[in-house]
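Sending over a structure as structure tokens; questions will come in a sec.
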Amino acid sequence: MSVVEFLTILLPVSFTIFVMTLAYDDNPLYEIGAYLLIGSSAGWSAVVIIDFLRKSAWTPSFTGKPLYFLSILLGLALFARYFKNYRWLYRYPMAIVIGTGVGLAINGAIGAQITKQISANFLPLVSGAPMTIFNNLLIIIGSMTSLSYFLFTDRFSNKYLGGISKIGRLFLMATFGAGFGSVMTFRIETIIGRIDYLVLPANLYYSIVVTILVLAYLIGRDYLRRKKQP
Amino acid sequence: MAEKKSLIDKIQDLDPKIIYAILLVSLLIPYVRPLGLPIPISPETRAYWDYITHMPPGSVVAVQLASDPSTIPQTRSSHQITILRLFEQDCKVFFFTLRDDAPPLHEEMMKWVEAHLSAGKTITYGVNYVNIGYVADAEATIASLVADVKGLVEQDAYGNSLSSLPMMADINTGADFDLVVWNDGSRGIYMYALRQWREKLGTPLVIIAATINKPGIMNYIQSGQVAGGAFGVDGGAQIETISGYLGDAKKATEPGSLSALTLTILLLVSNTIYISKRFGKQPEIKGGEVK
Amino acid sequence: MALYKTQGPIVVAFLSALIVIVSNFVDAPGLGQLSTDVKSFGAIIAGFALFVGLLGIMQSHVNNVTKRKPLWQYSVLLVAVLVLFIAVGLAYGANSTQFLWIYDTIYGPLTATTYSLLAFWVCSAAYRAFKPRNLESGILVFTGLLTFFGIQPIASVISPIFYNIQSFIMSVPNIAGSRGIVIGIGLGVIGFGLRVLLGWDRSWMGAD
Amino acid sequence: MVGLISGKISDFVVLLIFWATLYFSIRTSMSGKLPNLRRLPAIDAIDEALGRAAEMGKTVLFTHGTGTLESSEAAGSLAAIAALPYVARKCAQLELKLFLPTGSHTAYTVLSEVARESYQLEGKPELFDQNNIQYLSNVARAYSAGVMSTLMTQNVGAAVFLGSYHHAGLMLVETANRVGALSVGGTDSTSQIPWFVAGCDYALIGEEIYALGAYLSKDPVSVGGLAGLDIIKALILAVITLGVVLYQVGIDLTGWFRV
């Protein structure tokens, strides 16, 4: 086995276990992992983004689309934020980002989030299986009451409408309940991904050895600390 | 009675490390002794798979990957089996990603796909598929791509000019695609595709995502704006079950299941104690006692 | 205050939003191309914006090192690995095996594990804080536990009821509630858009 | 050839109706006729929490979340900061010590100004202490660790968490719970709302934090915008009702939205 092959397994296994030690306590191994993560993620992003900018702005501006050189200048103007006297310069590129962002979001939102969501409530209530009718009815009532929960002026919240919005709050709670279930499942699935990695046949022995060493270090560190401060 | 009460208090204020340990043990048991659980198929995954398998030969499909190293174990099965299936059906696939750390994951999954193609089937870069790699994570990116596919970036991920690739000859705007497969990971940026692609041009959209985004997307599936979805490890396991291809998802449902069972029991215990304490006698004044 | 500092950006934001919005509804010669270019500019500047964030990280850690702030040794490590990534990426290329190797051995495992740790925090926090304080949070806890458990394959082995309840919560009350939220957010976007177009909302410009 | 794109006409009309409604509503409110907003229970909850803290001689913690003022989470942070003057003035009245931890440099300046001014308006500038406004870190983990240590060491009796929170939210709420602080929370980060509802003594949901900000700041543009959105929402509710009823007799309005 060459050194590179050895490191190809040892490094990722060790880093995985280093970071996991945070569940035990805050310790230098975890800090190493945390700082390496920030550094490597910034470095990685930088390279990939440079590649994107080269393809989308730099190359085109010299091959037939000179206008795109302006986008580079605007992009660079974002860095004016770091210079007190020229701070205002960065507002111009921001204006384009905000303007296009808001414009695009509006274009899509009217259809995707408003009219199609309104018409999604046009469901049969008089024909079909009883269970389907019941479900449809719940969806319609729930959508309307949960929307009316977000009415804030007092002309819409007299004592009758107030009761309706309370029902809406209950439907919202069910939505957040479903959200809770999904978040919990999601989080557990992420840790399974890492355990799966550690127990791969090629990695298993490395995992066991590194875990033992790390645990020995953590327990020893604790022991020494307790000895110092009885 | 003082003794008993302190035990209940102890259970209620369980040291987090004990919870971690319980969780870890229940996660590890299925690795030692697999449970062999059956996987029920849900309607949204069924709809997803039906949509993929009914793509006629020659259809052009856009596949976006926004999973990162932490979410890829949850979406890998659904994603790579989908790509494999599309190639088996002679679809043309256009790959891109909105996450800067996703390109290596794409390459890794393409290796799996190539290894699992049925005998005699070959795929050629530039003819059957094209990959433009990373494009900036913004709604404007999707809008720009939909307006002019070759305009956003003029080169693919490997430095070839897009107009030199045979597959791209007839692909100019978002309207030239027959389906968008959007792997959202845990990012929650599926609105970009929904608003800028589905809404603008009516192109059908299916979503692969981590479970965290499932409740939000279910709404759009009911309204018909999203044609189907495969969510998390569970969705991947279902796709494996329906398609017959093997992956890691089915195996991964077992530790998930067991730890969820343990955790549900723990939560039931802590809630029972809470309810019996709170409603069993006079409600105590909250915030009154600090240990 | 000088015009070019506040009014100029407002006009630019107004124009870019207007071009994008009008081109969505109105067909006019040249407008389509103009709006495509504006969208591409938006995407390119978004790319640069990610870069600005990176510079901020670099700056604050170099600062840690030069001023010998607490934990500055770790900042040295951070800057070193950052430089390593950029050097390898630029020297060998973003698709090179060398660059992919440092991704697989350093970045990949670190990022995946860091986020996976949240599983622990979520579980202990759920144990301590997920309590039915009143009717509303009671419903939340109840539906939360049922969806969390019901979605697992083991639940349908114990009883198919769990799976069916989970599926009902997910596809009926969940949809009803999220529809109210989604319409609300959509309207919020439209409201924010109007305020930006008219220059009534300047929060995006930041302080001076 | 200039013309409307078919299939988008109904969307265009809807957009114009919405904007016209909003525009007139905001204009009316700018001209001095502020619409009345309903009493938000969150304000009572804040009052109660601060009152309790004063009775027991404890301190107060207010934080605007992990969002900065420059990011996409700015809306949440700004809504939270709009509620600060109210909290700070109450604290000044009740002579409570107020901790303002933050993860953003720009927010630090704003928080300092707002807090100092609030104490001055209550005639108690001597109670204002710059040291209670802490810039922790722009790294989410370090920020939440900082807030948690303040909660645990500073005898906090009332905690107000408003704004956008990443995964840190649940840890803060849980810690507030553990030290026995009454907590009022509100966030627009959907994945954190369940934790706030289950963990806080009172929780605001999503949009409500914007309403709270508008309610407390009485800024005409925000309040007018809220009132305008209310009219639009009522309109939408009417359209849904009409559409559902007509659907039962065989008339599908869906086609109207596809013109």
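Note that the chains take the letters A, B, C and D in the order they are written out, and that residue 1 is the start of every chain.
Here, a contact is a pair of C-beta atoms (placed from the backbone, for glycine too) under 8 Å apart; a residue touches a chain by one contact, two chains touch by 3 or more.
In this text the structure is predicted, and so the values were computed from the model without any measurement.
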Chain hops separating chain D from chain C, counting only touching neighbours:
1
From chain A, the most remote chain by mean C-alpha position:
D
B-C against A-C, pair bridged by the larger set of C-beta contacts:
A-C
I'd like to verify one number: the distance from the centre of chain B to the centre of chain D, where each centre is the average of its C-alpha atoms, in whole angstrom.
31
CA centroid of chain B to CA centroid of chain C, Å:
16
Would you kindly tell me how far, in whole Å, the mean C-alpha position of chain C lies from that of chain A?
5
Whole-Å distance, C-alpha centre of chain A to that of chain D, is 21
Going through chain D residue by residue, note those that touch at least 2 other chains and give them in order.
11, 15, 190-191, 194-195, 197-198, 201, 206-207, 233, 236
Give the residues of chain C touching no fewer than two other chains, as numbers and ranges.
20-21, 24, 39-40, 42-44, 46-47, 50, 94, 103-104, 107-109, 111-116, 118-120, 122-124, 126, 128, 130-131, 136-137, 140-141, 144-145, 148-149, 151-152, 170-171, 174-175, 178-179, 181-185, 187, 190, 192, 204, 206
Touching two or more other chains - residues of chain B
20, 70, 73, 100-101, 103, 135-136, 138, 140, 143, 152, 200, 211-212, 214-216, 219, 222, 234, 256, 260, 263
Of all residues in chain C, which touch chain A in the complex?
2, 4-6, 8-10, 12-21, 24, 37-52, 54-55, 57-59, 61, 71, 74-75, 77-86, 89-90, 94, 99, 101-120, 122-123, 126, 130, 135-137, 139-152, 166, 168-187, 189-190, 192-193, 196-197, 204-206, 208
For the complex, give me every residue of chain B touching chain A.
17, 20, 27-28, 31, 70-74, 100-101, 103, 133-136, 138-140, 143, 152-155, 186, 191, 194-196, 198-200, 210-215, 219, 222-225, 232-234, 248, 251-252, 255-256, 259-260, 263
Can you check the complex and tell me which residues of chain C touch chain B?
20, 24, 32, 35-36, 39-40, 42-44, 46-47, 50, 94-95, 100, 103-104, 107-109, 111-116, 119-120, 123-124, 126-128, 130-132, 141, 145, 148-149, 151-157, 160, 163, 167, 170-171, 174-175, 178-179, 182
Applying the document's contact rule, which stretches of chain C touch chain D when the two form their complex?
21, 24-29, 56, 60, 118, 121-122, 124-125, 128-131, 133, 136-137, 140-141, 144, 181, 183-185, 187-188, 190-192, 194-195, 198, 200-201, 203-204, 206-207
Residue numbers on chain D that touch chain A, as the complex places them:
10-11, 14-15, 35-38, 40, 139, 141, 190-191, 193-195, 197-198, 205-208, 211, 215, 226-227, 230, 233-234, 236-237, 239-241, 243-244, 247-248, 252-254, 257
